[in-house]
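You will see chain A twice below: alongside chain B first, and alongside chain C after that.
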Partner chain A sequence: MSQYVLSVIASGGVWAILTLSLNLITGYAGQVSLGQAAFFAIGAYAAAMLSTRTGFGFVPAVLAAMPITGVAAAALGLLALRVKDDFLVFATIGVNFIVVAILQYTDAFGGAQGIVAIPLPAIGPVTLQIGAYAGLVVALALLAGFASRWVERSWLGYGFAAVRQDELAARTIGVPAAQLKVVAFALAGLLAGLAGALYAYFLGNVFPQNFAFVISIQVMAMLVLGGLGTVPGAIVGAAVLTALPEILRPLADYRYTIFGLVLVITVSFLPGGIMGHGGLGDRALGRLRPRRAAT
Partner chain B sequence: MSFLAAEQLSVSFGRLTALDGVSFDVERGQLVAVIGPNGAGKTTLFNAIAGAVRPARGRAVLDGRVVSGRPPHRNALAGVARTFQVARPFHELTVRDNVLVGLGRARYYRLGGLLRRARSSADIERAEALLGDVGLGESMERLAGELPLGHLRLLEIARALALSPRLLMLDEPAAGLRDTEEAALEALLRRLREQGLTMLLVEHDVEFALRVADRAVVLTAGRKLAEGAPEEVRTNPEVIDAYLGTGTEAGDATR
Partner chain C sequence: MLRVEGLVVRYGAIEALKGCDLSVGAGAAVCLLGANGAGKTTLVRALAGWERPVAGTIELQGRDVTRLPPWERQRAGLGVVPEGGRVFGDLTVEENLRVSGRDADTRIGLELFPVLTERRTQRAGTLSGGERQMLSLARALAGRPRLLVIDEVSFGLMPRAVESIFGVLARLRDEGMSMLVIEQEEARALGLCARAYVLSQGAVQLEGPSGELAGSEALRAAYLGGAGSAAG
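Let's turn to the complex of A and B:
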């Protein structure tokens, strides 16, 4: 395979992990986040700075970026407990802009020049060329998928499903809704941190604009297209929307227009997404659309 | 001291006093009905005891533990289970899974419990037994959102029973039910009572409430008007007066 194809595969794996991260918060726990790029940024910058400034190797940098992002996301989750539904959407959008602004205007984070010259990823003495790196990223995406499925089938997953569908009813039968939301943000932070760290090593340089609000929209489009609340959906959605602009090269310049269109069309005509099971995506997305009468 | 004691419960919404110093007791194993005309404060009283609404004054004590003003999930762990006036099932989950969520209980509070696989065979058996008990054995695989109202009410009761409650609170369980559904509900409440479950029932349908209850508390305009056995309440002139005016039987005043 050409370097080009391999790099598309590697980036597809990164998007799949980030989409799985959003799926934990939005698909499972029903908390709509349009600021996922903020967590992605924290993971990427954590890995980039650890590697260029403190000499962390690839593996330790990635392993450190995950809990750092997890803690940041949990802290945001605590704040998010104060807002619900539409207001949570606005708050997460705000967080995205704040994080980008901090990265842009703080010298410690490299400002607009970003963090450059991240070394090539290496495990022990072996430097990972693009082929090996693509394989590693895809393997980690599948691992993240299996971990998500584990969550889905655990008591945590049942608790998330209950909170997503009816928070008061959930609390009434002993589900600690607030605590579980924070857990959802923390777990999503771990995955977003992983995705961000892998992305930083993939790009070699990170800039604030790599994590702009459109990235949050892109990830939401991937999740909604694939099917909100499903692991296969998150992976398929990420794969399709990574490949589509590459296959339709003339359209690549309009990729964000495509993502927006995909979001609108999917929500309107295929609310369950490609892999969605009956009405699941439909219901969680009800929060983004005018409310329908309860059945 | 009685099993459940409401002590001078008062609730205000802004300037409106919805509940004004209501006290009553429920003994262990009793089914007590709270009845009253629209706007009497029945649901407010219910919510104050369940922890959904914080009382301005007073408290509700279940077996020595204050339950009013405490978060619903804490009360659920302490054995207070409730149903809703407008049924609130988890629509996208199967009937069986709705009950399974309730069986999670303490496991939601420990990391080891959270990450354990739900749907163990023991839990599934327990969920199916509960659903069989309430008469939903045939519908376990259906999505809760597809159930008719009568079945939703039974499902909510099964889900509440999954908490192994010490007190089951029912908010207008008979509202909107057809006669056959109401009969099934009545039979279920009688069976639960025979099993020794303590229940508090808020009900607009006076006849239904007085048929199933051991005792009744009558509210009007946020205050307790009367309290006693169904027969005493039924013949209490003040109660008759509050419902429809003098000379009419309370039994006619179910709408």
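Let's turn to the complex of A and C:
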């Protein structure tokens, strides 16, 4: 495979992890976030700064970026308890802009020049070239997918679903809705931190504009297209919307227009997304396998 | 088991509960009757923790739960079957039963309602109205409550489903479960519960043994008399 194809695969893996992160908050717990790029940024900057300024190696930097982002996301989750629905959407959009502005105008974070010359990722003495890196990112994306699925099928996942569908009823039968929302944000922060750290090493340099509001829209488009609330949906949506602009290279300048169109068309005509209930993938697979009850 | 004293709930300028007093003894089945707008639903909302009363107290097993959030009241022993059931349609029957906590006991409800065992892996959204109410009751029982508060469980159901649910409630009552049953169908409620309260205009107008109240003039008067007594 060419370097080009491998780097598309690596970035697809990063987007898949970030989409899975959004799926935890929005797909499972039903808390719409349009500021996922903020968490992505925190993970990327944490890894970038740890590696360029404190000499952390690739693995420790990635492992540290995850809890750092998780804590930041949990803190935002606490704030988000005060707002619901539309107001939560506005609040998360606001957080996205605030984080980008802080990165842009604070010298400690490199300002508009960003953080450059992140070393190549290496595990022990072995430097990961793009092929190995793409493999690693895809493997981690699948791992994140399995972890999400595990959460979905656990008591925690049922709690998220209950909060999403009827928060009042959930609280009445003993589900601590507020705590669960914070947990959803924290878990999503871990994944967004992972995605961000991998992205920083993939790019080699990070700039505030890598994490602009359009990135949050892009991730939402990936999740909605694939199927809100489903792991295969998050992965397929990320894969399709990573590949599409590459395949339609002449349209690359219009990538954000495409994302916007995809969102509008999906929500209007295929609200479950490709892999969601009643979606294309669901129907196609449904013919192949005996109908398993309600997964 | 449950003691409500001087409960006042306001929606803006409207006082929906004007000092409501009521109690349910351990192992007792008590019903709460009243016309539409009498304040029954408001009382349930206040008991469940959905409304914050401006005055009064709610005690559960001797513990003041007036300020507790709903989920902590559940932990304290309260099981609520809300109006309409409010089951989680995207989850299966089994998942609905497990959602109340890691230590949820899914067996109690499945034993009481064999039809739920058949539908165990089916999404709750695909159940019939009666099955949803059964699931809602089973879901409340999964939290091992000491007191059940059951709001309009018969509303909109086929007679056969109502029959089956009341059969289970009678069985729970016989096994010593404390319950507060809010019902429109007064004959059924009086048949199930030993004691009854009649709510009107946001306060208890009448209380007494069901046997004495059933079909009595006093019951009629308390239902209708709310309007009259409000003038006086």
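By definition in this document, the second predicted complex is superposed on the first by the 277 of 295 C-alpha atoms of A that agree within 3 Å, B and C clash if a C-alpha of one lies under 4 Å from a C-alpha of the other, contacts with A are read in each partner's own complex, and residues count from 1 in each chain.
As a convention for this text, a residue touches a chain if its C-beta (ideal position, glycine included) is under 8 Å from a C-beta of that chain, and two chains touch if they have at least 3 such contacts.
Please read all numbers here as calculations on a predicted model, not as lab measurements.
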item	value
Fit or clash between chain C and chain B when superposed on chain A	clash
Which of chain B and chain C A:I274 touches, first, second, both or neither	neither
Partner chain(s) touched by A:V183 [first = chain B, second = chain C, both, neither]	first
Partner chain in contact with A:V240 - chain B first, chain C second, else both or neither	neither
Touched chain A residues, chain B compared with chain C	B
Contacts of A:I93 with chain B and chain C, given as first, second, both or neither	neither
First (chain B), second (chain C), both or neither touched by A:W155	both
Shared chain A contacts, counted only where both chain B and chain C touch the same residue	155, 158-159, 161-162, 165-166, 168-177, 294
Complex interface listing, chain A residues touching chain B	150-151, 153-159, 161-162, 165-166, 168-177, 179-180, 183, 278-280, 283, 294-295
Footprint of chain A on chain B - complex, ascending	50, 52, 71-73, 76-77, 81-82, 84, 86, 88-93, 97, 100-102, 104-109, 113-119, 143, 145, 159-160, 162-163
Contact set on chain A toward chain C in their complex	155, 158-159, 161-162, 164-166, 168-178, 293-294
Chain A contact footprint on chain C (complex, rising order)	48-50, 69-71, 74-75, 79-80, 82, 86-92, 95, 98-102, 104, 121-123, 139-140, 143
